[in-house]
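Lettered A, B, C and D in written order, each chain numbered from 1.
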Amino acid sequence: GRVAIIGAGHVGSTTAYALMLRALFREIVLIDNDAGLARAEARDVSDANALARPAHVWAGDYPDAARADIVIITAGAATQGAQSRLSIATRSAEIVRQCVTRLMAEGFSGIMIIAANPVDLMTAVAIAASGLEPARVIGTGTLLDSLRLQHALAHRLGVAPNAVHAMVIGEHGDSAVAAFSNVRIGGLPLSRFQPDWSVADEAQIATDVRNGAYRIIEGKGYTSFGVATAIVRICEAVVRNEGAILPASTQLNGESGISGICLSLPCILGASGIVRILEPDLDEAEICALHASAAIVRKALASLTA
Amino acid sequence: GRVAIIGAGHVGSTTAYALMLRALFREIVLIDNDAGLARAEARDVSDANALARPAHVWAGDYPDAARADIVIITAGAATQGAQSRLSIATRSAEIVRQCVTRLMAEGFSGIMIIAANPVDLMTAVAIAASGLEPARVIGTGTLLDSLRLQHALAHRLGVAPNAVHAMVIGEHGDSAVAAFSNVRIGGLPLSRFQPDWSVADEAQIATDVRNGAYRIIEGKGYTSFGVATAIVRICEAVVRNEGAILPASTQLNGESGISGICLSLPCILGASGIVRILEPDLDEAEICALHASAAIVRKALASLTA
Amino acid sequence: GRVAIIGAGHVGSTTAYALMLRALFREIVLIDNDAGLARAEARDVSDANALARPAHVWAGDYPDAARADIVIITAGAATQGAQSRLSIATRSAEIVRQCVTRLMAEGFSGIMIIAANPVDLMTAVAIAASGLEPARVIGTGTLLDSLRLQHALAHRLGVAPNAVHAMVIGEHGDSAVAAFSNVRIGGLPLSRFQPDWSVADEAQIATDVRNGAYRIIEGKGYTSFGVATAIVRICEAVVRNEGAILPASTQLNGESGISGICLSLPCILGASGIVRILEPDLDEAEICALHASAAIVRKALASLTA
Amino acid sequence: GRVAIIGAGHVGSTTAYALMLRALFREIVLIDNDAGLARAEARDVSDANALARPAHVWAGDYPDAARADIVIITAGAATQGAQSRLSIATRSAEIVRQCVTRLMAEGFSGIMIIAANPVDLMTAVAIAASGLEPARVIGTGTLLDSLRLQHALAHRLGVAPNAVHAMVIGEHGDSAVAAFSNVRIGGLPLSRFQPDWSVADEAQIATDVRNGAYRIIEGKGYTSFGVATAIVRICEAVVRNEGAILPASTQLNGESGISGICLSLPCILGASGIVRILEPDLDEAEICALHASAAIVRKALASLTA
């Protein structure tokens, strides 16, 4: 199969490298307005052929992307320091709209993964601009936040990340909701796994996770490896028609009482994209927080499309 | 690291092959009373070097095994057709005792994985015969049953196996308990994931899983790939000090109200073996069934050691 | 993609297991005249889902196989002990012809891999019975012998198998030719890598490799892991359109002066099967031996089709 | 096992990410003078836990590195644009000497991989500063150049990179020697694989490969994925005691007629580092070019240590 990555910056090129090492595609196309950058990254990533089953990586253009099974959009305006993801929305929306329009003009009919921020808005923009069935447009949403929550809990409790069921839902941003009532460690609720577990522990971990991206940006200026990991995980679920259940930003139509925006809830992912949206079993505070998160995204989307 | 496999029959040799493909060890020793068999299997398995990072596989002896990080005991009396696992206990116990005694005489101090059946009894036998700290002796127990339960639920519900949290606990045998009250699909209880889910569905899936091994034996005369998979999974958790949470047969000291026997409960597995035994949150019927399962194993162990 | 394996014996089921662990296909179909065996193996292999990206394995029939990208034919008459591969040719040819005919009747148009022995004859039989373009029918040929030669040289010289370039060509059988003049160790000829290397060393290694299968059969009654490894390697080269260069049994049309039979020479393998047959640079003795090998296969093929 | 990476810039952090995805180590320590950068990269890389067997990644210090099996030194002065690697030697040498001295002061006794440029000089500096047995200090040397040569030939000839035997030797820099007389495609010399192959083809490919790094730097400002790939390949060979044969920069003592400097020749790599240095079979022009390359490095080393 073929994947195309639009935007050859840190996220796009790191995603290409990780996809090479995972041998998930036979062909990887990198597209960037800066064609020299795309060529340099394609050349640098190609050297990973030495570690994996061979794949062909090249700097291409929209006609190449149109024939891909999956197109990943990482292009967008970058956040600067602790700048809010919403503040860069308008500029990003223009870029995403332009990419999607050019892609559709070439006849694309595959699955689209949106990693541009603010991702919940950009997923909505991509659905509108593409005219694709909404299930075929998958925003990375709170998947990365969820991986970080799992990792933070696993580290604290001394277990493997994959022994932790934990999800962050809602906006991929400051209003994200870590659904602690749903957390299970090897099948046990937190309070049963660790009897002295307290609400204060949850608050601290939630803060750590929420600030995760900001701290990384503070230290290195941007994030790359985590986002690339989340994108690769979605690609795997789609390419192999896994039926994996992962949080993803998707257009809601009444799920958990929310409509008209894109937001992350747990989704079943397969070859056709988002196969089903699940409604998690939340406590009252989490429901409140989820609706507050939805309100923030709704307002931002309204100003964006105003 | 080095792994040694005692018993080069279908389970032992298939485990060696899977360990090669997973590149988990640099050295794999096969030991069997039939030295010609061990040599033939080592030679056949060696050819997998062509697909993976190279490892050295050879037919060795107890001094080789004593220097291994992990020793896997697959030797034992084989079940014939639908014969009960308990009925072969006495013969298997002699074999396991002999293997363990020879191994300890060479100064072994690693982790022992017991895959010989009836596995709950053989794990107890191995702990007694070795004098090792009980946490360092891991029975494969209901891990394979649990993988089958996950797979059966995943297949029925159209999701990926790793989106299903489900465990079988208790005896690895006819009295095993599928803990449906604990099942989560992407974090949701069965009744919430699939509103028309019924007790009858659970009964049918439990029967399918319980009969799984018998059907395989009926069709091919023995089982190999599933058991090998379970053993490899335990090896990974130990070698990489994962903190994975998997059901395993281990000596219980009051956990879930059971003592004095080996039985499967969810365990945290790491470099030192069984790091912690978890007590799952069961409904009343499951507790009853678990204690009934424990009683069966206790009685069998008593006759074995009488 | 989908793979179908016809023949669910040791080779077929082990191949299915290895393909699962390598995550090469999303769907694996097992077909056997003994439907109970195919169901048992499919069930046993399915448990490997716990270690790899999920794949769907089932016992199916020819209509399922017809829609596969690759069909692997392992069905055939089994060699008994040190029995010559040619002696079982007539019985195997009937079986292969029947399988191929049923498959083509369902409209198969993918790639066929032949692992049934005597493989050079069975590849010819499959080409004739299928009417497929000969390049789409790949016999495992001397690939396994070549992996064993590489491994034997690597073991003797203390280097990694993939640092050894070495190929066995000709008949997959007693007349196979280990092309020592072509061997390179990290690019060096044997005599330069190891100055005291002698013709006697080559003779001994050639004998070891030639007797490899017989010794394995002597010890365990059949071979499985090595053959499965060779089949998986061919699958990878095809599925990923690698352009790998591997010895394979293929219909020769004058290459190295041989025509009208299937025999192993190094081939470039890609999505369309055998992309190109290479003519190795041999010394005089090797050319003689290769033509002698061809003569044996030609005679056997003539009696088979008489 | 544990690996430590000194220098958390693009190369160091990308190496950490690739090592995570390859599951080669259980513990990865990142060290940088900019502790905030090291913490940010460790956090970002940690998220890869979601795709692989879990590993622990953290920002640490020299005492953590001293207990590692392998220490990778990526710290050094960066090349700017098309600046010669030699021109940054003095500044890099100070940095490498300081890192090595601090590491040895903590009692390090593992394997050292040098990726800082100019790598042939830095390998010599690290050997001198560490007092380690020279075989335990491995410079990445022309490994990356060789991967690029293999890839360029593979791409041109339509075969898989691992079907191409090709090595660049000598200085990792402008005087590197692509040893075309040694190239084999599936065992065949270039002129036999492709009868119309010409010296002009070789010249063009050699130029492409030599300029590879400059073009990448021109496009993206630095190289990362290719170097990381080369480092990971060396780590694999050491950790798994492979006996792989790879070009690496190592202290020569008369091999190919060169002494007193570090330069790349094909080496057998295993658990103890460089097990043996091979002397490739070169044509006269290649021998000349290799000695010219050695002279350049010797002169630069002399000015560095003057």
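In this text, a contact is a pair of C-beta atoms (placed from the backbone, for glycine too) under 8 Å apart; a residue touches a chain by one contact, two chains touch by 3 or more.
All values derive from a computational prediction rather than experimental measurement.
Here the C-alpha atoms of chain C line up with those of chain D after a rotation of 180°, rounded in steps of 5.
Most remote from chain B, judged by the distance between CA-atom centroids, is D. As a whole-number value, the distance joining the C-alpha centres of chain C and chain D reads 37 Å. As a whole-number value, the distance joining the C-alpha centres of chain B and chain C reads 34 Å. Measuring from the averaged C-alpha position of chain A to that of chain C gives a distance of 43 Å.
Shown for chain D are the residues that touch two or more other chains, namely 54, 154, 160, 162, 242-243. Contacts from chain D toward chain C in the complex involve residues 154, 158-160, 162-163, 165, 167, 179, 182, 184-189, 192-193, 237, 242-245, 266, 268, 275, 278, 280-281. Chain contact summary for the complex, chain D toward chain B: residues 23, 26, 53-55, 236, 240-243.
By the touch criterion given at the top, residues 13-14, 17-18, 21-22, 36-41, 43-51, 54, 144, 147-148, 150-151, 154, 160-162, 212, 215-220, 223-226, 229-230, 232-233 of chain A touch chain D in their complex.
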